[in-house]
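What follows is subunit A paired twice: with subunit B in the first complex and subunit C in the second.
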Partner chain A sequence: MKNFLQKIKFDQWKAWIYLLPAVVLLLIFTVWPIFNTLRMAFWNGYGLFKELGGELTFEFGIKNFKWVVGYGGFITCLKNTMLLTVLTVPISTILALVIAVCLNAIKPFQRFLQTIFFLPYVTNSIAIGMVFEAMFNIVGFGTTMPSYGIINNILGVFGMDPVNWINAGSSYWANIAVLTVYIVWNALPFKILILLGGLQSVNKQYYDAAKIDSTPRLRVFTKITVPLLSPMIAYVVITGFIGGFKEYSSIVGIFGDDMQAVGGESLNTMVGYIYKQLGANHEGDASAAALILFAIIFVVTMINMYVSKKKTHY
Partner chain B sequence: MKIVLQNLTKVFPSRNKKSNEEVVAVSDLTFTIPDGKLVGLLGPSGCGKSTTLYMISGLQKPTGGQIFFGEDDVTSLSPENRGVGLVFQNYALYPHMTVKQNILFPLQNLKGADKLDKNTMLERALEAARLVQIDNLMDRKPSELSGGQQQRVAIARALVKMPRVLLLDEPLSNLDARLRLQTREEIRRIQRETGITTIFVTHDQEEAMSISDVIVVMKLGVVQQIGKPQTVYDNPVNLFVAKFLGTPPVNVFKANVKGGKLYINGEAVLDVPGVADRDVFAAIRPEGFIPDENGAMTCELSSIEVMGRDVSIVSKNEAMLTPTIRSIVDADYKVSATAQNVKFNLKPHKVFIFDSQTEERIYFGDQTAPETGI
Partner chain C sequence: MADKLMSTMHEKDMQKVTAMQKVTKILVQFLLYAFLIVMALIIVFPFYWMIISSLKNTAEYRLPVPTLFPQEIMWGNYLEAFTAANLGKLFMNTVYVGIVSTILSLVVTVLSAFAFARLEFKGKNALFAALLATMMIPGELFTITNYVTVTKFGWLDSYTVLIVPFLVSVFYIYLLRQNFLQIPNELYLAAKVDGTTDLKYLWKVMIPLSLPNLISITILKMMGAWNSYVWPRLVTSTDDYRLITNGLRDAFTDMSGQANIPVQMAAVTVVSIPLFLVFIFLRKYIMKGVSRSGIKG
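The block that comes next holds the complex of A and B.
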């Protein structure tokens, strides 16, 4: 018995050794920053004075939070983030589901098509943003004869007037539309991959049974495919929301560092706001904003989990 | 509605291109199931029973041959339009639906003139559930049911839409003995009452014999014999069928025919008039032995088992090809348990002889080939 206990102890000890590199890295790059964020967030005015030099001590309080929430820019960022998330998560999920089901039904070229749909996933999102910018662009606007990007040309084919999507003077909603298209397109591959994997692991016999039961196609989709995929759909939605709240690079990709069209409304998001505060050496405010973002994501994820528990099967 | 299968063949292509190992799951199957009959499809594992059902249901396309429902050629009709009920070998209940939803599902798919209102659907579902005694489990999910309960849900789901054709793929394999007997009687009763043409797959020959109007015995995708259960039992066309039917199984011996007599282990045990001299297999049903002190066939006694009405004599013999010789005789026969040997006379109509090469039946005396078909 004693021998046995010793063995367990030794095994545990060994296990810790094996874990050590990972634990050390986690402590340095995850745990410490989190702890530091907490600390900075609750030190009133942290950052601003620190830069001025000297060993200042900071008062403990929630002034940073007050300042962040009170400052108009943050509310705009919050609004933009929420809007983009609420628009893109459902659209991309439904699209991904439809594409996955279609892909799964195609036998020839399935691998090839799968690869094509997966390409955006391995492409840099800033680069994609620049391509989108070109697609929606109007070149030579205002000074010379305008020449349009491909999207406006396509609209022209259908006899529609060109839209000022992203250039100077473009409207907020045009900007949001472009961002929505971009974010959805960027989010599709991962979702398709997950849902396709789910589809391929569904027992074919359920579909056989549905055929025997003379089930119409649409009903097979809504009553069998979707419920059987519900765990994957829940996963995709939850990660989609989390990703949506962290949206940032897409806006930089299309609109650049200013995160707005020239003369347009700000398209800044929460993560963008945090970066800006950091850049301005407002570490205290950045930390407070990060914590607020964390709280929002936490609450939304909890709601998601609660809903999906009620709605998913198994 | 009668079902006609004509030269039905299913070949599964080989997995990899190099080895040319096609699987012929069903080969040249031809038979007619008369309207309203219950047919038992019988055979060892892997002989193509499920494949046959899948082809009739439309889930698998035949490689060759045709299927008729009544006068209609349904060979290329999709399963949705065939109106069959199928109980899958592994149930295939929808895992995310309750028992009630599972049973209601086929009804909710009915269209046009067949469309039912909610209450009628519920009533029909409950009725089907009651038939298989699961009406108290209506709100459970399949994962919360035992294997046998799931199987009964599957039966209810297949029955509820009153299909034109009911296909049952080993629907009772997971039930306990009593429930099995009960459900099989239920299925028989429902089938008689509704007159739904039914195919019942099983590898339990007793089950098939007891409820079928007709049995079809298959081996490696090829039909061996079709006929009324009793006919097939009494008059098997080859050694495989003889061995496959009957509990306890038939006793098989190496034997030969010489001068119109059947010799087993050197003893002339039976007159077989009209058979040329040759090596044969002799198969004797357990009830074909008559113990007799002056009997023609000598066996070494192993044990005697008394089972109520009957006595089962277990013995051995040099020529036997089955592990033991089991004979069932009336309890009136007194056999001494201490005796070394036991002697039998044989009932000629319980003895079948088969060619030692082809294993095909050789008829002797007043034995005649059974009527084929139904």
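The block that comes next holds the complex of A and C.
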């Protein structure tokens, strides 16, 4: 018996030895940041005073939040992020659903096409962002013989006048359009993979039953496919929203770090704002903005889960 | 007689209907393929444009009507990209950081997953739940403090700063723990009776049985190093430690001061090709890891 108890005790500390590296690293790089970010966010003027060489006052409050929301340009970033999310999540989800259903309905070349549709996933978002920049870019802007870029040339075939998409003086909506195209292109593979996986695991009996009743295709789609896929659709929508609110690298890819050509600030996102404040040594403001971002993601995820619980059929 | 007539009419109708069905089916299949091929072309086009642009000279690139294939193939652009952006050094940095962080991360992950799956200790479930809860928090929230921390540690401009803060991934621990739990406990107890040590059991039984997941983790971790951009930009200031993606946004300008886009596209191609190769050869593991995690890199 004594031996057995000793054995248990030994097991106790043995487990902690196995966990030691992970726990130490997590304490430093995960647990401490949670507390410290809260501390800096609610510590009035953290960072700014330090930069000016002043003494830090030990005063807690919501001054950083007020500054971020009131003067810091955060609201613009919030609006941009929201707009991009609201545009790209529905477009990419519906398009992915249609592509997945079509892929599921064919036999020859199914795997080949599936592989092609997965290609954008294994890319570097900065690198391919630069390719999109090159495709929309007007070379020799302002000269008599500019090259309007391949996209404008393709649109010209359909009779459209060249548009200034991303160069200096381009409109906000043109920029948003380019970003939407890029983000949707980038988001499709993951969504197609998940939805196609879902489709392939759907019980064929439902479709056979529909065939016997000669149900129209559209009705089969809305009454059988979508309800049976609803857990997967909910999953891609939730991850889409989370990813959308954290959008940043696609903008850097197309417009560069400082987004100079398009007026810098006006196109930034929430994550971009956090990094900008951090780069300027305003840790307090960066922390406040990060907490707001966390709160938004948390609330949106909760709403999504609540809605999907009511709407999904398992 | 009437009966027979009825049945032949019926048969004819049936034949008509099946013929109609066949035509519709072919038409639908045709439309499906047409749609999918158009979409596939749209998906692939940026890659095509990247590669042919990287092989054009600047004069051809600036033609008002772009050519769909380079008139003269300029391999020199690649050489220029390597020298202008110091891609060779950045490539070596990335490979080094990727390999070291993958190995260390695998060790840490395997040990903790084993503790959570097989060992009994107080507060195990509470600790595991707390770990899972941290997955909800966006990474940017950690980055702010971690930047302050690594600055205090004096780690700026080093390989350490690129490797250590990201060694533990709660998601990988979770993934591997689930895998370990599927291995029957009887195997473990039998090994104990035989006097096998835990480490030997881990090495001889558990690791081989969860190899597919370990490969998925390795690929995702390597791709993470290859694609990381924000953190290296924040904590490094010289090419000695910067990673490959950081070199892409360097100015590639020609003598007239305009951006030399063909050279830029050559650099972009250099960064993209290893990812394609990984994808072609290890597609199964990537897709498996991705569909479970939903995270990129």
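Following the convention adopted for this analysis, the second predicted complex is superposed on the first by the 273 of 314 C-alpha atoms of A that agree within 3 Å, B and C clash if a C-alpha of one lies under 4 Å from a C-alpha of the other, contacts with A are read in each partner's own complex, and residues count from 1 in each chain.
By our rule, a residue touches a chain if its C-beta (ideal position, glycine included) is under 8 Å from a C-beta of that chain, and two chains touch if they have at least 3 such contacts.
Keep in mind that what you see is a predicted model, and the values were worked out from it rather than measured.
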{"item": "Touched partner set for A:160, first subunit B, second subunit C, both or neither", "value": "neither"}
{"item": "Which superposed partner A:193 touches (first subunit B, second subunit C, both, neither)", "value": "second"}
{"item": "Contacts of A:224 with subunit B and subunit C, given as first, second, both or neither", "value": "first"}
{"item": "Partner chain(s) touched by A:147 [first = subunit B, second = subunit C, both, neither]", "value": "second"}
{"item": "Contacts of A:209 with subunit B and subunit C, given as first, second, both or neither", "value": "first"}
{"item": "Partner touching more residues of subunit A, whether subunit B or subunit C", "value": "C"}
{"item": "Which superposed partner A:12 touches (first subunit B, second subunit C, both, neither)", "value": "second"}
{"item": "Subunit B versus subunit C as contact partner of A:103, first or second or both or neither", "value": "second"}
{"item": "Residues of subunit A contacting subunit B in one complex and subunit C in the other", "value": "none"}
{"item": "Contact set on subunit B toward subunit A in their complex", "value": "57-59, 78-81, 83-86, 88, 90, 92-97, 105-106, 109-111, 141, 143, 157-158, 161"}
{"item": "Footprint of subunit A on subunit C - complex, ascending", "value": "28-29, 32-33, 35-37, 39-40, 42-44, 46-47, 49-50, 53, 61-66, 107-109, 111-112, 114-115, 119-122, 124, 131, 134, 136-149, 164-168, 170, 173, 198, 223, 226-227, 229-230, 233-234, 245, 248-249, 258, 261, 264-265, 268, 271-272, 275-276, 278-279, 283, 286-287, 290-291, 294, 296"}
{"item": "In the complex, subunit A residues that touch subunit B", "value": "203, 205-206, 208-209, 211-216, 219, 223-224, 227-228, 230, 313-314"}
{"item": "Interfacial residue positions of subunit A with respect to subunit C in the complex", "value": "8, 11-12, 14-16, 18-19, 21-22, 25-26, 28-30, 32-34, 36-37, 40, 99, 102-103, 105-106, 109, 113, 115-128, 130-132, 134-135, 137, 139-140, 145-150, 153, 185, 188, 190, 193-194, 197, 217, 235, 239, 245-246, 248-249, 252, 256-257, 271, 274-275, 278-279, 283, 286-287, 290-291, 293-294, 297-298, 301"}
